[in-house]
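Note that chain A is present in both complexes that follow, paired respectively with chain B and with chain C.
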Partner chain A sequence: MSIAFKPEETFRGDYSYRNSDAAILRFPFPFPEDKYMYSVNIEPHVRSGPSDVFIRPFDVDEHYIAECRDRAITLERDPGRCQVLPHMMLAQWDTLELLMENLSADYPEHFSLTKEGDDFGSRWTWTNRPLGIEQSFIFGDAATLPCEPFEYITRQAQGDFAICDQRDDNLYMDAGMVTSQADWSLEFDVGMSFMEWHGPVPLAHQTGVFERALKYLLMLRLGQPVRRLNWTMTINPRLDTSPESFPEWGTDRASVTPDNAGSKVHLRVELQTLWRLPRSNAILFPIRCYLASLDDLARVPKWGARLHRVLSSLPPQLVEYKGLTRYLPAALAWLSRHDDGAELPIGTEAGVDTLT
Partner chain B sequence: MIGDTLLLQVAAVTDIAPGLRHLRLVAADGGKLPPAAAGAHVQFVLEGAARTWRNAYSLVSRPGARDAWEIIVRRVPASRGGSAFIHEQLEVGDRLLAGWPGNLFAPVRIARHHLMIAGGIGITPFLSYLAEFGFTGAGHALHVCCRESEKDVFAPWLGSSPAVAFHWDADGHRLDIPALLASQPAGTHLYVCGPAAMNDEVMAAAAVAGWPASHVHCEHFGSALFGGEAFRAFLVRSGIELEVAEDESLLDAIERAGVAAPCLCRGGACGVCVTPLLEGEAEHRDHFLSADERAAGRLIMPCVSRARAGRLVLDL
Partner chain C sequence: MLHSDIKSRPTYRALEPDLAAAGHLLVIEAATLQPGGLAGLADAFAPVVANLHTWLVGEALAAPGLGKPWHLPAVADVVDALACATRGYGIGDRLYVQGTEPFLWSVATAAAIVGFGPGQLQLCHAGSLQRRVWCTHCHGVTEQVTTNVVPCAGCGRHLLVRDHFSRRLGAFMGVMVDAEAPGEIPAIEEVFA
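== the complex of A and B ==
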C-alpha cells in the first residue's frame, strides 16, 4: 500500500500540518451519540472497524515522516521523554519485535525485516525506507543498536508508547516514549501504579471504571489485543502538549475566537491499544494520536453537528479536566453554524464518501 | 501477532522416565508459533473417543522459541483422564488444537534474587525460568524436591548449573524449608510449584518467616477460570432452549444459537452484555456487577458467568 507522505509539514512554529481529504474521511471520530461520558469502552483490536485506521494493528499514515521528525526534535530538547527502568529490557525487545513484524507485514513497500533466526542471538536486518534507515543487529544484544531497542523502534513509529510491568496484581508504568501527549508527564508518572497514574481523572473513579479496567487488563491475553478511543482538544496542530513545554502552548488557548476556531481548534483523538507482550508478560500501551481541525471535521456534516452537541452537553468537570474552559464558548459559537438540529444516526461513521 | 487458537502437530514423543512423557509440538501448517515467556502455559484440546479434555501444561521450551513448543506430562492415575490420553493415545503426527500461551506465573523482574522451590513435576515452569535467568544473568537458585530415582530426569534442561539442588525423602537429603527461607538476601522473590500440600507448607513457612505477600508466588492453574459444569438456559424473548457445554461460555452458546447478544470485552469488565436474569441462580465471575446487584440476583454477564444450580432463564 503506497502512502503519499508529507515530509515537510510541521507540528510547531508555522504549524503547516494539514490533513488530505482522504485523511479526514478516515479520521477515527470518537462520538457515536450526541452525549459523551466515560465508560470502559474497550473492545478487541481486530482488523476492522468504522474507520480504516483500524485495519492494521499499527496504523501508518501520510504524517509518518513528519511525526517522527517532530519526536526527534522533542527528544533532542528533552531526552527525559523516553525512560525505561532497568528491569524492562525483555519488554524492550518484545516491543521492537512486535512493531518490526507488524510494520513489515502490513507495509512491505515501506518496511522490511530479515531474520536469520527468531531466538535471541540471531542476526536481524531492518529496513525503513521512508526514513532511509537500514540496520543490521543482533536480536537480544542492545549494544548492536544505536540506542536501546525500545527507543530505537519507537523513534520510527507514530504515537506514544508506554509499557506496563505486571506484578502484585497491578500494573506499573515502567517505560515510556512520550512526546505527543495530552498534557501528562512521563517524568512524573514513571514507576507509578495503575491507580496512581489515573488519580487526577474526575468522575470515573466513583463509578468503579478503573477497578474494572485494571482487573480486565491483568487478564489480557497474548494474541488478543484490545483498543479504545480517548479524546481531547488542542489549539493548533501540536503534538507536544506536555506539562514540560506548557509555556510554549498554554497561552494559545487565549487566542481562539469564534472566527478563527475552525482552523485553530483541533479534535485530538487517541487510538489506544493494549498488547500482552510475549517474553516479559508486560503490557504495551501504544497511544496513536490523530488531529483534525474543526474546519476538517465540519466538512463531514454529521461530525460537525455531533461535535457541537457533545461539547454543548459535556459535564463541567470534564470541560475543566480536558482544559477546554477558556475557548469552549468560541468553539461552540463556530460549531453552531454547522448544526441544524436534525436527528443524527447513531455511530461514528462519516456517512459520506466525499467531502463538502 | 493476533489470534486465539492454533492447530499443532506432535513432532516427537519421548518417555523420559516411567510416567513422564515429553512432547515436542510444531505448528501444523509448518509456520511459526507465537513466542512465549518464562512461566507460560498452553491449554490443549485433547479429543478422546468419548469426551474432550482441556488441559493446561507449562511450556518447558526455551522462552521465545517459535519453531516448537515442548511440554512434560506426568501420568496422573487419579486425573480427569487428559494425562492418560496423552500417555496412551497421542502419537507422532497427531494434530490437536491449542490456545495461545497464557501466563499466570511470570517471574517478577524487579527481584534482586529468585528463589524457586519445585515439587516433582512442578519443576516444569522453572525450566523456562532457568533459561531466562541464564540469558539475563539474574541471580537465582532452584530447589527440587522429588523421588531420588527422578533427580537426573531433568538434566537435559538444567545443564550443570550450580544454582540447582535436589532433595528427596531420606535422612540428610530433605529440604529444610524454614532454614532456606531464613537465609535469603533482602529483595528475594520466592516461587513455589508443587503438590498442594507442599505449596501450602512453603507459603505458611514464608508467612511465619515474615516474607511480604508481594514477594511470594505460587503457581495454580485453577485460577484461569474458564468453563465449568454444563447447564441449561432458556432465552425467553427468543424462545430458545440452550445447552451450555462445560467448555464454552453462556455467551458462546447464545451466539451458537444464532441470537445476537450485545457484547464487547468478553472478559467480564465492560458491562455491555449484562442481561436480566428472570429465574435461576448465577455463579458470578465478572468484575462489573456490584455486591448489591449480585445479591439481588436479577442480572448476569453471560460472557463469563454460569449457572450455580439448575436452569437460567434470561430476558433475551
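== the complex of A and C ==
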C-alpha cells in the first residue's frame, strides 16, 4: 500500500501538522462509552479492530517522515531521550529484528530487508525508502551500524519505545527512546520497576489495576503481542511534551479560549503494544501516538459528542493528573456545541464513511 | 511525609539484623541519632556483634556494644570507602543504613555499585525529612530541601517538590511550578523539616 507522506509538516514552531480526512476517519478514538475510568483494558494485538491503525502491528501513516524528523530534532537537543542500560544489548537486537521484519513485510513498497541468514553474524541489508536509507550490517555486531541497534531502528519508527527487562517477578524499564511522551521523564524513570514508574498515576493503584496488569504481562508469550489504548490532551500538535521541555510548552495551556479550542486542543491517543522478545526475554513496549484536534474529531458527530461527555464526567484527580485543569472549561464550552444530548451507540467506531 | 500515595516513594523500617547472614555492616549518620539511639541499636545488633562492623558518619561518638566503630567525616567518605573496599562483600553480607533520606540513598547507590542487591540492604529513616531534589528541566540536583517549592541550584527555576522518587538518582522530582503561568508561585512553606 502506498502512503502519501507529508514530509514538510511540523510539530513545533508553526505547528503545520494536519490530518487528512482519511487520517481522521482511522483515528483510534479511545472512548466506547460516555464515561472513562482506568481499567486493565489489555487485549490481543491482532490484525483487526475498530480502526485501520490496528491492521498492521507497527502502523505507519502519512506523518511518518515528519515524525522521524521531529525525533531527530529532539535528540539533537537532548541526547538523553534515548537511554539503554548496559545489560540490554540482546534486547536491542531483538527490537531491531522485530521492527525490520514487520515493517518490510507490511510495507514492501517502503521498506525492505534482505538477510543472508537469521542468526548473529549474518549480513543484513535494510532499505528505508521514505527516509532514503540503505544500510548493510552484520546482525549482532553493533560496530557495523552508525549507532547502537535500538537507537538506529527507533529513529526510523513512529512512536516512543521502552524495553522492560523481566527479573524477580517484576518489569524494569531499562531502555527507552522517548521523544513524544505525555509528560514523563525517561532520565528519571530509567531503571524503575513497574510499580515505581506508574507511581504518580492516581486512583488506579487502589483498585489493583497495576497488580493485575503486571501479573498478566509477566506471562506474555512470544508471538502473542497485546495492546491497549491510553489518552491525554495536548495543546497544539506537539510531540515533545516532556517534563524536560515543560517550560517551553507550559504556557500553551493558558492560551486556550472557547473560540480557539477547536484548533488548539488535541486529543492525544497512545496505542500501546507489548511484545515478548525472543532472545532477551524482555518486553518491548511501543507507545504509538496519534493526535487529532477537536476540530478534526467533531467532524465525526459521534466522537465530538462523546468526547464532550467523557471530559464533562472525568474524576477531578484525573483532570489534575492529565494536566487539563487550566483549559478544560474552555474545551468543554467548545465541545458542548457539538453535543445534542442524544443517546450514542456503545463502541469507538466512527459510524460514518465521510466527514461532516 | 514519610508516606505517600505515590508508589515510587520508598518506605523505611527499623533495622533488624538478619541472623542468617555472614557479615553485617551498619552505617549511621551520627547527627540523626536521638538520645539513647546508639544503645537501642546495640541491643538490636547484640546477637551478631561478633561479625558486625559499624561506620559512624559525622560526629565521633562512643558506640559501646557496636563493636569497634570506624569514624568517617562525611557521607562522601562512605561512598569512597565502599568503592575501594579492600574486603570484598559477598551475597551473605548485609548492609544496614540509618539517617536522612539523601544519606540513605547515597550509601545505597554506592553499595549497589559494589554488588549489594536489594535483598541485602535495610534502610531506616532518621532525623530531618529534608530531600534531595532532581530538576526535570536542567537535571541538576538541589540538596537539603525542606520546602514545598525551591529554586533549582542548577537553573534557578522554582521547582515544586513532588513525592515521585527515583532510587537510581536517590532524589525526588522537581517540576517548574509556574511553567503554565510565569510568576505565579505559591506560598513557600517548610514541609520537610
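Here is the rule we go by: the second predicted complex is superposed on the first by the 356 of 356 C-alpha atoms of A that agree within 3 Å, B and C clash if a C-alpha of one lies under 4 Å from a C-alpha of the other, contacts with A are read in each partner's own complex, and residues count from 1 in each chain.
The definition used in the following text is that a residue touches a chain if its C-beta (ideal position, glycine included) is under 8 Å from a C-beta of that chain, and two chains touch if they have at least 3 such contacts.
Given the structure is predicted, the values throughout are model-derived calculations rather than measurements.
Trainee: Is A:223 touching anything from chain B or chain C once the two structures are fitted on A? First, second, both or neither.
Mentor: first
Trainee: Taking the superposition as given, does A:198 touch the first partner, chain B, the second, chain C, both, or neither?
Mentor: The answer is second: A:198 touches chain C but not chain B.
Trainee: Could you say whether A:212 touches chain B, chain C, both of them, or neither, answering first, second, both or neither?
Mentor: A:212 sits against chain B, while chain C stays out of touch.
Trainee: Return the chain, chain B or chain C, that is in touch with more residues of chain A.
Mentor: Touching more of chain A: B.
Trainee: Can you check the complex and tell me which residues of chain A touch chain B?
Mentor: For this pair, the touching residues of chain A are 39-47, 57, 87-90, 97-98, 101-102, 118-120, 140, 165-168, 208, 211-213, 215-216, 219, 221-226, 278-281.
Trainee: Residue numbers of chain A touching chain C in their complex, please.
Mentor: That would be residues 80, 185, 187-192, 195-200, 202, 205, 210, 243-247, 250-251, 253-254, 326 of chain A.
Trainee: Name, in rising order, each residue of chain C that touches chain A in their complex.
Mentor: Within the complex, chain C touches chain A at residues 5-9, 134, 136-137, 139, 157, 162-169, 173, 175-176, 179-182.
Trainee: Report the residues of chain B in contact with chain A in the complex, numbered from low to high.
Mentor: Listed in rising order, the residues are 1-4, 32, 34-39, 62-67, 100-103, 106, 108-110, 132, 135-136, 214, 264-271, 287-288, 290.
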